[in-house]
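Listed next: structures, encoded as structure tokens.
Common to both upcoming complexes is chain A, partnered first by chain B, then by chain C.
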Partner chain A sequence: MAGRAQIPTKSSALIAMIADEDTITGFLLAGVGNVDLRRKTNYLIVDSKTTVKQIEDAFKEFTTKEDIAIILISQYVANMIRFLVDSYNKPVPAILEIPSKDHPYDPAHDSVLSRVKYLFSAESVASGRR
Partner chain B sequence: MEDQDKARTSENQLEEENVVTFLDSMDAYLTLIDSLSSTLRQGWLELASARHSMGASRISSSLFDLKLHSAATSLRVTEDDGKYVMNQPHFTLCKWASSDDGKCCSGEAKFDGDELQKKSVSPQLRYRGTSQFDEPQEIQEKSPTSNGSPLSLDSPVQKQRHKSLSVFGTLVSPKLRAAQFSFETALETIVEIANIRSSMLSAFDQVQKDIESISTGEQ
Partner chain C sequence: MSGQSQRLNVVPTVTMLGVMKARLVGATRGHALLKKKSDALTVQFRQILKKIVSTKESMGEVMKTSSFALTEAKYVAGENIKHVVLENVQNASLKVRSRQENVAGVKLPKFEYFNEGETKNDLTGLARGGQQVQLCRAAYVKAIEVLVELASLQTSFLTLDEAIKTTNRRVNALENVVKPRLENTINYIKGELDELEREDFFRLKKIQGYKKREIERQMAAAKEFSEEQFAEKVSLQKGISIKSAHNFLAAATEKDEDIIF
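Then we have the complex of A and B:
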């Protein structure tokens, strides 16, 4: 526990989103939209013209901003930057993969479940007994 | 010798408890994700219905408000003294908190949300169209409801909700309001998922430590 960073208490943290237009529209209706002084939004709409670089840049930006506590990312978008998502391991902001209209949720691809699934593999059980 | 056996037994019990806690939190995580999928599906369907009745150009990302404004719905993050690990984050949703009100009011907003949902599905809302074969008409903000009382814009929560909807016009389809409610419900589920994820990862860390201590003990 010594040396582990404290989680700062935030009273008004944001939810960032990297998802398709309909998902973003819905969550903006629910009031999570934020535009700061630099006219930067807390969301990125992903469509057919969005490049992987743009998604990566948005992900890196949202994970380094101190006022963001949760990042919602459609799972099919997370799959495009899977290496980046899986290598992220800070507690805040929490990365949550959500389903999209055209791509249902697949637990096999979820980064959190991937981290813990090795506990259920025969190899891990066998290695513990050696 | 007996003391050693007792200590080993209690250690084993603790390890089993850790595994059960981890499995429980994983089960809860998957259940919540499933619930979120259903809620989102409902929201997308309602959004599609609203787009159908209002027109695709009236519900589009080109209408999003890009002027300076802060989120009406935000999160409160606190440090939770988790069962295993200090520094476990805990998320609390603050729905429709106005800029004047620094407190989280999710309980109050949740109640308001339930009220709104009852009113929006009332069968006695007045329609503007004359023919029953017309496309579903847009409903004015203050239509009478089944209990006779009009939808009130007085509460700050309702004002915030109305402000969110007004991005898409003054008169909006009831399906858009329903979609708003569905996505609000989805947000609540998301915050629960974030908290259970946090518990699951800390339980997983503990189980990993137990496995490592078993394997170093056996070597």
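Then we have the complex of A and C:
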């Protein structure tokens, strides 16, 4: 099992977010937000002024950070950097595509769910529930 | 096929045959065990697949509820609540803990969230809409709960997928490469040993025949000798030298066949 990535066991880790303002506000209200000593946040608010480059950088930063276990990313944001999300294949941190308020959720775009569907196609459990 | 002609490069001896047989037994057992592991992982995998699908759906529902709760909170507490919230971020109070779960030797990560310290947003919306804000908070905590569960499922899914692939590759390698090769080697050694045995057998037969012929010859010689001795004894009694009688007989037979005593 040398080739497989090691799964770190940590007592506490953060949840990072890349999403629109409303979603972020909600999750911050729940208390997932974190600001470290260098005033770096564990979330990125995506609005009309945010460039794809910024999203890419944030995604790369969150995926390489040690203390982040889960990354929540709005699906329409994930679609902007689809190639990055699809090429990402490490178990930790886990990438989770979440629906956002303004954009309807499309299961077909989800990188993991499409794989699930593909594996399930013979049993057609997922296909009937679109 | 490549599997048919392949065999290990060994010296065909009985010891090697024993070693090869032991290795074949080991390979067979390993194959059976790996197959079992693969089956166990697949069972787990299917369960996770089903859970992922159902959780993804409930996630949509929960996210909708929480979004609605936020809208309510905004309506009651005013649009500027988000600025208050965004300003108030300091340290995460809701964190994730990860631990490992062992399924047939594959370590699967499991996440669980926990609250650490008090929430700083307790006073948010104190002026108005505090109730709605707290409800919204609860809704989002619920959303986090579902999302964390989904995250651990998804991570398990990816890890298991990888593990199943590896295991299946090993199973196939054992079944299609290692075992045929060992069997070929065993057959080769057996054939070679049989060949040796036949050679040995043939040699033994050959020697046996040679010995038999030798014994026969000796027997014949001994018989001849004893006959000669007997004849000599008889002739001595009769007063005739055996040599002369012999000669005479030999000479007689050579010269005239019709002479009868």
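Rule of thumb we're sticking to: the second predicted complex is superposed on the first by the 113 of 130 C-alpha atoms of A that agree within 3 Å, B and C clash if a C-alpha of one lies under 4 Å from a C-alpha of the other, contacts with A are read in each partner's own complex, and residues count from 1 in each chain.
The criterion applied here is as follows: a residue touches a chain if its C-beta (ideal position, glycine included) is under 8 Å from a C-beta of that chain, and two chains touch if they have at least 3 such contacts.
Everything numeric here is computed off the predicted structure, so don't read it as measured data.
Enquirer: What does the overlay on chain A give for chain B and chain C, a clash or a fit?
Expert: After superposition on chain A, chain B vs chain C: clash.
Enquirer: Considering only the touch criterion stated at the top, classify A:29 as touching first (chain B), second (chain C), both, or neither.
Expert: A:29 contacts both chain B and chain C.
Enquirer: Please work out whether A:37 is in contact with chain B alone, chain C alone, both, or neither, and reply first, second, both or neither.
Expert: After superposing on A, A:37 lies in contact with chain B but is clear of chain C.
Enquirer: Does chain B (first) or chain C (second) touch A:48, or do both, or does neither?
Expert: Touch status of A:48: no partner.
Enquirer: With both complexes overlaid on chain A, does A:96 touch chain B (first), chain C (second), both or neither?
Expert: both
Enquirer: Mind working out whether A:72 is in touch with chain B, chain C, both or neither, as first, second, both or neither?
Expert: Once the two structures are laid over each other on A, A:72 reaches both partners.
Enquirer: After the superposition on A, what does A:64 contact: first (chain B), second (chain C), both or neither?
Expert: Neither chain B nor chain C is touched by A:64.
Enquirer: So, does A:13 touch the first partner chain B, the second partner chain C, both, or neither?
Expert: both
Enquirer: So, A:87: does it touch chain B (first), chain C (second), both, or neither?
Expert: Touch partners of A:87: none, neither chain B nor chain C.
Enquirer: Touching A:21 in the superposition: chain B (first), chain C (second), both, neither?
Expert: both
Enquirer: Between the stretches 8-16, 26-34 or 134-142, which region of chain C is in steric conflict with chain B after the superposition?
Expert: Clashes occur only in 134-142.
Enquirer: Mind sorting out which residues of chain A both chain B and chain C touch, each in its own complex?
Expert: The answer is residues 1, 4, 7-15, 21-35, 41-42, 69-70, 72, 91-92, 94, 96, 98-99, 101, 105, 107, 112-113, 115-116, 119 of chain A.
Enquirer: Would you mind writing out the residues of chain B in touch with chain A in their complex?
Expert: 22, 26, 29-30, 33, 36-37, 40, 43-44, 47-48, 59-61, 64-79, 85-89, 91, 94-97, 102, 160-161, 164-165, 167, 176, 179-180, 182-184, 186-187, 190-191, 193-194, 197-198, 200-201, 204, 207-208, 211, 214-215
Enquirer: Given the complex with chain B, which residues does chain A contribute to the contact?
Expert: For this pair, the touching residues of chain A are 1, 4-15, 21-37, 39, 41-42, 45, 69-70, 72, 91-92, 94, 96, 98-99, 101, 104-105, 107, 112-113, 115-116, 119, 127-128.
Enquirer: Can you list the chain A residues touching chain C in their complex?
Expert: Listed in rising order, the residues of chain A that touch chain C are 1, 4, 7-15, 21-35, 41-42, 69-70, 72, 89, 91-92, 94-96, 98-99, 101, 105, 107, 110, 112-113, 115-116, 119-120, 125-126, 129.
Enquirer: For chain C, which residues count as touching chain A in their complex?
Expert: Within the complex, chain C contacts chain A at residues 49-50, 52-53, 56-57, 59-60, 63-64, 66-67, 69-70, 81-82, 85-86, 88-100, 107, 109, 111, 113-116, 119-121, 124, 133, 136-137, 139-141, 143-144, 147-148, 150-152, 154-155, 157-159, 161-163, 166.
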